[in-house]
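In what follows, structures are represented as structure tokens.
Here chain A shows up in two complexes: once beside chain B, once beside chain C.
And then the complex of A and B:
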């Protein structure tokens, strides 16, 4: 599951999963790896590929601003 | 029937709302008073008619400053905060304005002869004004520019597109019937940044019809909860945006008729409208029309409009960019300029009074794409769009660009603009930017980068460093999402970088 989450996240960030593993606490928004459009696309992919539905209206950026937090957020809701 | 006359007319009703922004409301009476205040300040303190550069993003002072400039006979140059200081500086250097309105702080260098007006100063001007309307003879004349928008230029320097009052009035006359639906109570979106011309539909058509502009700003866009809460309480009836913004909203299934029960029409402009979005909107808003339009900034926002029917949505052909507005003539020509027959694909030329007079201070560029011709017995201006298109049953279909210009999330970008700026970043010796398509449009940009010297640290840090350095030179939307560090670039038989090979790697 964790591998798959990283794979989807890395694709949206335009990097390789191995790159993200180098720094799992990197701020995805501040470092320009995610923006509003990519973030929403990410949620669509999580729904379609992992079956984890996250309602964007209930999500704060601060809940998914690092790779570690994305994994935490998904395991909480998955 | 110019917009300024209409503002004065609606201002007589003390309660009529011009703009809603969060909890704040600006009435037409305030809009009228503030724009008079700013115009009066410009007339009393100015010595020439140079355009006023306004830097900011949807602040409540923005619109009164725009209309105030027009009332003082000046054009305005709206620059959104997505422009980094470096680009803002290029705009200031091209325009050499007498007045520079800074609604947001920026440490950009201002030349001698330019007076900076802070947001506090603007508020002061608004609050202390005791006078009435600024006399009409001071207003912009039909041949005077109303705005200059700076758009991506292939050399890496943005180019200014000036549009005059006659262009806008022509657009107004052509488009009015598409906007005039229940004018009295209409609430229209005010989401597109003022530096992009799709905003003209709200700023000129919407306000001329006395509609209320409902502001959706960047901070709302970044907080989905606030965006949907805002939409839910907006009571919007007329939606104007790029398809991308509607796609973003549609990612929540709650974006439907229940959220916006009064919505009558979606009017899209600025990029490809996909079948997917049309189907979603037809399904979720069965009582709203979907209208597609098309037009380059050089021809004043849009030159087509067509209702997208369910038949068009079911047709596997692309969604049409529409039928030319009554005054507009389209020509599809081959590379020698010969007119092509119906159904044949060639370059689309626009002949219309919507076509502007060229690029600001760039006769060399103007000469290449603007021309004069005769249409239906009248002398008209024409513009070579660089868009490939064909016509069938009076509807036109877009088939892509003939150069390296693309649209991403509604933003017009010259890929060479990005490449030419990327090589200014330290340790980047070469950059090739490729658009990555998904369904019918560009999903994101990828850059293949050759480094001057190999890195020893983590790759991710080098990628984010390149991105953040590039973001100081170009707007954030031009920073490629994907950056691939590579040792060499494939070349074709002519020795040029083979973009097809690179695209296939993505």
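And then the complex of A and C:
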């Protein structure tokens, strides 16, 4: 599951999963890897590929701004 | 009585806030007292039988909708039901905006568009399964909470009710109170001193003509900022003292680097509401349904729809519609520059270039506000 999440996330950020693994607490928005539009695409991908449905209004940005938080957030719902 | 407008309002307000502060400093919940104060202030604000009747009808109508909606959803959980209920919730505002004349304006109550947005948020969140059962008291207190009734900020129901359930400790309240008093005074200074001075000495004496229009553009932008940000601060400050941490509505808009940044700093509670409930929902539906070949198209159309909604929300007059279209276009251009022009985003982060970005953004939104003011139409 974790691998798959990272794969989807990396694709949206335009990097390799290995790059993300280097720093799992990096702020994806501050680094310019994600913006709000990419975030929406990410939620759609999680729904379609992992069957985890998350509404954008469920989350504060601070709850999903690093790879670790993304994984944590999805595992809680998965 | 117009909220936050006269000395007498402030006398009554201060008298009403003292018991709230006493409760807060004792670490007791303020919500029931806050509800009584809200009711009394509603009587003062909606001070004719007709106005109060409209307000009551509005509240009962919205309450009925949020109560019936989950029951209907249990039987038929389909998206068109959501659309139907959003539309029903908009009915009073639509009646008012189209000014169906039956002996004067109908539902001409202060803050109608703000009230409607708060109610719609509850309906959409219920559809998303984010709100379980909403209590009558919580709902009415949320939509009618008097400090923000006429001009926002537009709070979110889940934040609001969560706060009602967990009252602040004495220490937390002290901090909230201090912030509240500060915001109330800062807001009064913005609104009564700065915005009034600009209005009387800058805007009023202006003649007609191109140069006057240019001067009006700068003056009106500053006037509106101090007027509206000041009003928001007074509302937020009052709410803080009543133990409700209303979200901030302005955050140094003149420091915005681009239009996207501007909308995260100006009338924040409206722009984030539109972002969450119009733009994001549209884009996610479009991506899921693969409506467009290029995913960015979804974003561009989303921006135009969102900004047009914002324009129409202000009113149906031409200048509001043009204002919405203008901002929709700017957001698209903003996005295209960010995505297509290599190094553009990097340039924006470079401190040497930032003053230039700021200056351009100020002019873009000031021109927008000149459209908004209606002076050109």
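One rule holds for everything that comes next: the second predicted complex is superposed on the first by the 78 of 78 C-alpha atoms of A that agree within 3 Å, B and C clash if a C-alpha of one lies under 4 Å from a C-alpha of the other, contacts with A are read in each partner's own complex, and residues count from 1 in each chain.
In this text, a contact is a pair of C-beta atoms (placed from the backbone, for glycine too) under 8 Å apart; a residue touches a chain by one contact, two chains touch by 3 or more.
Computed from a prediction, not measured in an experiment: that's the story for all the values here.
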Is A:48 in contact with chain B, with chain C, with both, or with neither (first, second, both, neither)?
-> second
What is the contact status of A:17 with respect to chain B (first) and chain C (second): first, second, both, or neither?
-> neither
Just chain B (first), just chain C (second), both, or neither: which does A:32 touch?
-> both
After lining up the shared chain so the two structures overlap, which partner does A:56 touch, if you call chain B first and chain C second: first, second, both or neither?
-> both
Name the contact category of A:40: first (chain B only), second (chain C only), both, or neither.
-> both
Chain A residues touched by each partner, larger count belonging to chain B or chain C | B
After superposition on chain A, the chain A residues reached by both chain B and chain C are 32, 36-37, 40-41, 43-44, 55-58
In the complex with chain A, residue positions of chain C that touch it | 124-125, 128, 130, 275-277, 280-281, 283-284, 287-288, 295-296, 299, 335, 345
Partner chain B, residues of chain A touching it in the complex | 12-15, 19-20, 22-23, 26, 31-33, 35-38, 40-41, 43-44, 55-61
For chain B, which residues count as touching chain A in their complex?
-> 221-225, 228-229, 244, 248, 251-252, 254, 409, 444, 446, 458-461, 463-464, 467-468, 471, 476, 479-483
Would you pull the chain A residues touching chain C in the complex into a rising list?
-> 32, 36-37, 40-41, 43-44, 47-48, 55-58
